[in-house]
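Take a look at the structure below.
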Amino acid sequence: MDLDTLLSFDWGAMAPEFIILGTATLLSVIDLFMKKETSRKPIAWLTGAGVISALVSVLMQLDHKVTSILFDTYRLDSFSVAFKILMLLGTGLVLVLAASYKKDDIEENRGEFYYLLLTALLGAMMMASSADLITLFVGLELLSLSSYIMAGLEKRDKRSNESAFKYVVSGGIATAITLFGMSYVFGLTGETNLFLIAQNMQDPEILKHGFLLVFAFFITFAGLTFKIAAAPLHMWAPDVYEGAPVPVTAFLSVVSKTAGFVIMLRLIIITFIAAAGIKGDSLLLQVQPYVMVLAAVTMIIGNVTALKQRNIKRMFAYSSISQAGYILVPFVSNSSLMFELIWFYLLAYLFMNIGAFTIIQVLTTQAKSNDISVFRSLFKRSPWLAVPMTIFLLSLAGIPVTAGFVGKFGIFMGALGGQPAHYWLAGVMMVGTLISYVYYFNVMAVMFFRDGEEAKISVPPGLAVVLAFCAVSTVILGIMPELALNFFYGNFDINEFFMRIEDIADHVH
Amino acid sequence: MSSVPLTAYLMLALILFCIGLFGALTKRNAVIVLISIELMLNAVNINLVAFAKYSLFPGLKGQIFALFTITVAAAEAAVGLAILIALYRNRQTVNVDEMDTMKR
Amino acid sequence: MTGEMIAFFLLALTAIAGGVLLINLTNVVHMVVALIFTFLAIAGIYITLSAEFVGVVQVLIYSGAITILMLFGIMLTKHQEQEKKTPRLKVWLTALTIGLFFLIMYGKIKDLNFGQQNVELHVDNTKKIGVELYSHYVIPFELTSVLLLVALIGAIILAKRDADDEKGAKK
Amino acid sequence: MLQMSWLIPLFPLLSFILLLLFRKSVKESTAWIGVLLTWLSLVLSIGVFLAVWHGGGIKVEGTWFQLGKKMITMGYEVNPLNALMLVIVSLVSFLVHIYSKGYMHGDERFPVFFAYLGLFSFAMLGLVLSPNLLQLYMFWELVGLGSFLLIGFYYFKPEAKAAAKKAFIMTRIGDVGLFIGMVLLFWQAGSFEYDEIFASIKNGEIAQNMLTLTAVCIFVGAVGKSGQLPLHTWLPDAMEGPTPVSALIHAATMVAAGVYLVATMYPLFQASHTALTIVAVVGGVTAIFAASVGLMQKDIKRVLAYSTVSQLGYMMLSLGASGYVAGVFHLTTHAFFKALLFLAAGSVIHAVHTQNIEEMGGLWKKLKLTGPLFLIGALAISGVPLLSGFFSKDEILASTYADGKYGLFWLAVIAAFMTAFYMFRLFFLVFTGEPRSTEHSNVKNVHESPSVMTFPMIVLGLLAIVAGYVNTSWFGTFLTDYLAQGPVDLSHAEHHTPVWIPFVATGVALLGILLAYLIYQKKTISRDWLTRVLPSLSDAVYNKWYVDEGYDQTVVKGTRGLSKLGVLFDRYVVEGLVSAVTASVRSLSKFGSRMQDGQVQSYGTFAIFGIVLLLLIVALTGGYFS
Amino acid sequence: MNTWLLTILIFSPLLGVLVLLFIPSSDEKSIKTIGVLGTLFVLGTALVTLSAFDIKGSDLQLTETYRWISYEVFQSKGEVSYPILYEVGINGLSMVLILLTAVVSLLAAIASFSIKQNWKSYFILFFILEVGMLGVFASQNLFLFFIFFELTLIPMFFLIGRWGYLEKEKAAYSFLIYNGIGSAILLIVFVVLFMKTGTMNFDRLAETLALPQAQLDQMFITKSFKMGMLIALLIAFAVKLPVAPLHSWMVRVHVQAPPAIVMIHSGILLKIGAYGLIRFGAGMFPKEFHSLAFVIGLFGVINLLYGAFIAINQTDFKRVLAYSSVSHMGIVLIGLAALNDAGVTGAVFQVVSHGLISALLFFLVGALYERSGTSELKAFGGLAKNMPILAGVLLAGGLASLGLPGMSGFISEFMAFLGLFHKMPILAAVGTLGLILTAVYVLRAVMAITFGSENEQQSGYPDLSSAERIPAFVLLTVILFIGIYPAWLSDMLRPALDAILLGLGG
């Protein structure tokens, strides 16, 4: 195909990605020419500007018609927009954390920190807005690589190095596994476009190899569980979360996780939606119980192991593992509400988790310790930290009048709404939630009941803003989830997710 | 005409994948671990290229996929090594089993 | 027994042999060297699969860049190239698991044959790949460039000695 | 007059409230408030009685609350029986109020005492006025409360505390019986109203065995309150209360409530022969049992208490032997002479500050009034002719005989003999012979009680003499005719008594007195011949046939054991399970964190293992090998 | 005005919170005053509601309905499925319980004067707790009910864990976990019902579930499913009530929590369990409830006797009262099991009366603890001498709780047993044993404190202060009033109960 066909694509659809890419490259250049000593604040502001403008451009795409560039190697539809919003929001908040993250040995790499954040974001966004195996894979890797580096940014901190290394090794293995699975998916269908793959899977020849397909599914799926930190590839999370700088941890636990779910939905659902499994019946239905077991195991491992943690960051790592388990539930309970439920929960999770990590950052950096005791008598020392923290914890525990509750409620609707209703899964989730009460409330107990620790706490203005924002939205979404849901229903039509649209390239061929 | 069957290639890929995996999971030296991961990725590439030729729907896509994989693998290797060096600078060791300050 | 067959078997043998050596050798440098053979053999296999370009790239990047990189890594971190043995039990468990994995997969790929359609992948393979890359796959291609940039920067900032360390070195 | 009868119980209630509120301000003058108010209710009840005597009667009811379709009602009713009771209760209560003025003089909780008296009188009168079982039950319990409070009036005395608790719980056991009977009746007859219940009994709407069951249940209630076997043990202990209380509650009124209950529900009992027999047997056995215990007690009040139990047994016996009138008759007379005896005893105790008869003696000359009055009481209760007790007891014996319950008849006769004996044993030991003074009692210089105390005794004394003449074969059976107006039909109560019965009764009574005289006055027979002849028997009698000990060993210990068992179960099984669960979760979490050993490679191994496991399961469940 | 009345009532305690926010946390006096005034305001609003409430009216009143949350199924865009509404409304039953809540909360607020520290946060939590309780009784759909139900958990956790006695945190946790289990089961049941029927409104649910089986089968609602749901509900509320053997948390809370909070807890929070049983168990699954009646009755009797037997052997007055609560909750079950006017009315009466009585008794325990720093029985004796009023009220409370006629306890026991005797005489007869045991342990405990010879170190204690007399006397008066004139309560309840009984066909 010639140049003008190439140019004739609606490249405007990629505006957000271009903005991020542009900012990233620009910053790398600026950073290069900036003197070592000069503060990197302007870069922070620029990054913020980039993220915000990208967010704006995404919002402007709200009622953009479904667009496909070059056989869906780039694809703009409600799904991508919906989740890109989450990613940009999350990154924006994490950015503030990063900007006010005071640790001297991160200073000389601050600039890199910012634009690595952007490249990671770019990767995530590509994962959200592509329906092509290769693009998804590259996006995934872009995200991963950037995160590896960010995790290791505190070069002089042994923990940071170690976490980065563990991350890169597990990540490498995960990538290999994912690719191995993908290679079969690709091999059997000979296509990289997900829709075409789905098409080719109808081929009678393929049906003969149902088993291989199922294996391919599981291997790919297992590989992807790495990103969302769910069983079986979840064990890296605690160590990496503990070692990485707090903003990075926040990023991993929110944006990266979101991306993980996005690629799962995209890849798994579209690819296998029409695939026949072992005995000819639908593959997705067939694998459901096994994935459910994975979800259940994830919840149990996460919650149970979190009980023993004294290190707050580790505790939150386990908590985020269990949360991944929860979010897997709507994914497998093939409920008709899947997308909004996952979206809403991720939104809620974004607010509560980043909020919590903000406070953790404040306390741990000040106390130079990650032990849970940094929360001692927080209520006395500064109620304005204790109260939001309580809100976040309650939300994470799924107590009413918080976003977390509505999210969990929705997940239950998903799990129990389907036919048949998955009582046992709901049961496991409930048990998990109960166990989680213990460690979430333990933090509260430390904040309210334990005394000692008199040091006053200073909160940087930026963090204060993030805190307020997260806390308020957590409560608002808890009281009026209609806001978010209406936004979702008003702007996104999930049917777009399933329809392949022919683009110019098809006609050229 | 008799040619090498697809299975043979897949088998080879599988074997190499397993070897790579085994290396990545058991070798002590961090460098070897990284390189074993590379081996795994290579195995995947064999799959892709083989499928490109012998699948139901043959085509170049497989080879291109393989190219992307190679590139990514290279980048990963580089970053991995860089991290390793940073770690080595602080810890004076490249033994994977000594990197367990964070546990439980 | 066509020449292709023979070629394949030799190459496959070399590849696997290299892998086995990687596992069994004790000297780190030797391991890497052994692996070079594997990579080269794989490159050969690509050629037999009428993917010359990929084959060449393989030679360049793996047998060239990556292995050298790794050797550098070993040199930089050199203090004992003797690889310590990991505890037996753990090794065996891992081996067992992986063996199981192998068997399961084996059972399903051993009869995976679609025969051969007549497609000339080898006919100006490189040109076609180029065209595809720059048209169909231009987006991931560009994305890859970003990825490489990131890798570059990352590698630098992580690996480079810090200013104050150098000062310390000078003193 | 009848319309105002609802006021009768309210006066005492008023006194209760007033005294409780103003106990600080008004000191001992409170007594007069109580006396005045009880006097009012006495006047009223006499008026009501007269009205009923002239064939009046009234029943007023209003809805208390509504249960679905059914109306639960409250109100008041006056019929011959309870009109009579009204008089008795309010009279005795009035007298006791006066008496207490003197007896409780100087007690720091003087007002509270009168308040409690008021509460009790209110409850008792309310009980009597109740037109339905539910209301009766409620007052029944309140009466129990009053008794509980008054027994425990000396709250600091451990014995009083124990006695009060015992009284409440023992009676509560009976009450539960009544409760069950009442509820069952409700579902049978569809109402708590006496007349509706009687109606449905008459129409045979209730199965025979159900009749028996309910009757027995209700009788259990009566047993509890009237201290019949086997629930009698609380009554003697109840003597820990102040003596006026014993006179009012544990002689004249509350304990008679059991009898009153059976009398009120008489149609029910009549409908079931079994129930009647049970009543009779329990009554008869109690009569002789208690009398036998009374023979050897040393505490003056305890002797009287056991005599009360035995007399109540008489009443039950007669009711059981379809001697309705006789029962009520004896109730009436007994109320007077037993109250008299208690007050007299009280005045003695007041004088000598001891209750142990071994430490008294020779008081006849010192207590010029109390002595004779006590004698009157003793004669009356022993059934010496021409005194009230004689007539009523005679009636009972007659009706028992007429009903063909000969065994019980002879029991009763023997009991009568014993009664005479122990009463006069008491009399002789207390009033005659030499003063046996000890360190903590001065029998030397004692004085007659003040007039506030003697006056009531005199009144009662007169009544104890004359009360018998309301129903005699010689001067006419006023009481029978009067009661015949009531709901109970006494048609078959016309029995011809064998002429010899009165003589037998008189005979045994005199015999008993003679024996007591010989032993305690003349000393011709040594006091402890029984102890020598039959030591085991005498011990048994002295220790009240070991009933209390028996209960301690069985019921009390049993309950304690069960509750201990419960506690253990609660601590080890229930709590144990919980802690087991938590422990398992903890160990699980320990295991989980041990998995997390910081080795990135073992994480990888874990992951691969997981995947392989998954694939294996899929393979196995998916028919991989087929 | 009336259209908003209920919402105003539910959230009226927040006014107190609002005011408190502007009071310096050191200003003890005014904080406590605000606390009392706030609850007083709530009581006032409740009374206004009562005046607006038509006692005779059988159906729901003062209802409010607003659209709240709605999920759309994506196949059918635009059309709302699974709407979750904000629905409140009250019938006689809820009205009574709301009044109870308002009164007990006020008295508890007065009793809270003994709180030693952090009055501000204490009262803020206190008010939030009250919102939760009011909401539970006023809400008309499962979602709202659940939210308020959970809302009571959190403040309780802190109130117990912060202001309790020595083992407060353990108590707080066991409270949290046990009730967590309860609410977890509840949530599952609610969601399942919601997803099957598409509505959360109580009445609509009841109607739907009452449909002929054929129609229900299309909704995948089988008989066994309904039975399962009911059993799950029973378990959930059995935790709250609590029914043995799920009671250990409640004992712990009663012993460890500050008296004022225990007043609320055993006075109202336990009653949520009973309310739920009546409203959901009997209200929505009448047939199944019928078939389970015997089991429920059996558990009732077991509870009654179990609690009583253990109470006999306790040495700590708090524990005695805790187990007596277990025992008394058995009577609620007994009444429900009877499934007739008498029984159900009795159950509700028991709910109210036990609420008042236990509030009174725990208040007195608090007063005693204030003076002596212990609640061990053997530490007391002969209180009647120096503290005649306290002793008197204590005795009265004890008598009330052992069901003395003329006090509210009697009415409920009487009616509950009256009901059960109609259905299962044998069981009921066994149950009456409980009446005796109750007398035994109550007298044992009360007389140990008030009777006997006083030990000297308590001779110094002052009698109830005038501030303390208010709650004591108010409660005692109400108890007596209900005992003497139960009609006003039963009249208010009858329409609501008739509706339920109609469903039960009892």
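A, B, C, D and E are the chain letters, set down in written order, and residue numbers restart from 1 in every chain.
Rule of thumb we're sticking to: a contact is a pair of C-beta atoms (placed from the backbone, for glycine too) under 8 Å apart; a residue touches a chain by one contact, two chains touch by 3 or more.
Computed from a prediction, not measured in an experiment: that's the story for all the values here.
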Fewest hops from subunit A to subunit B - one hop per pair of touching chains: 1
Maximum inter-chain contact count - chain pair: B-C
Most distant chain from subunit C, judged by the mean position of its C-alpha atoms: D
Chain whose Cα centroid lies at the greatest distance from that of subunit B: D
Per-chain Cα centre nearest the global Cα centre, belonging to chain: E
Separation of subunit A from subunit C, taking each centre as the mean of its C-alpha atoms, in whole Å: 30
Where subunit B and subunit D are represented by their mean Cα positions, the distance between them in whole Å: 97
Computed distance of Cα centres, subunit E from subunit B, in Å: 64
Centre-to-centre distance between subunit C and subunit B (centres being mean Cα positions), rounded to whole Å: 6
Multi-partner residues of subunit C (at least 2 other chains): 90, 94, 98, 101, 104-105, 109, 112, 114, 137, 140, 144, 147, 150-151, 154, 158
Multi-chain contact sites of subunit B, meaning residues that touch two or more partners: 20-21, 24-26, 30, 33-34, 50, 52, 55-56, 58-59, 61, 64, 68, 72, 75-76, 79, 83-84, 86, 89, 96-97, 99, 101-104
Of all residues in subunit E, the ones touching two or more other chains: none
Contacting chain pairs - touch in the sense defined above: A-B, A-C, A-D, A-E, B-C, B-D, C-D, D-E
Touching residues (chain side subunit C, partner subunit B) in the complex: 2, 4-5, 8, 12, 15-16, 19-20, 22-23, 28, 31-32, 35, 38-39, 42, 45-46, 48-51, 53-54, 57-58, 61-62, 65-67, 69-70, 72-74, 76-77, 79, 83-86, 90-91, 94-95, 98-99, 101-102, 105-106, 109-117, 119, 121, 125, 128-129, 132-133, 137, 140, 144, 147-148, 150-152, 154-156, 158-159, 161
Subunit B - residues contacting subunit C, complex: 2-12, 14-16, 18-23, 25-32, 34-36, 38-39, 42, 45-46, 49-50, 52-56, 58-61, 63-64, 66-68, 70-79, 81-86, 88-89, 92-95, 97
Residue ranges of subunit D touching subunit B (in the complex, touch as defined): 593-594, 596-601, 604-605, 608
Touching residues (chain side subunit A, partner subunit E) in the complex: 336-337, 339-340, 379, 394, 399-401, 405-406, 409-410, 412-413, 416-417, 419, 421, 423, 426-427, 430-431, 433-434, 437-438, 441, 444-445, 448-449, 480-482, 485, 489, 493-495
Touch list for subunit C against partner subunit A, complex: 104-105, 108-109, 112, 114, 135-140, 143-144, 146-147, 149-151, 153-154, 157-158, 162-163
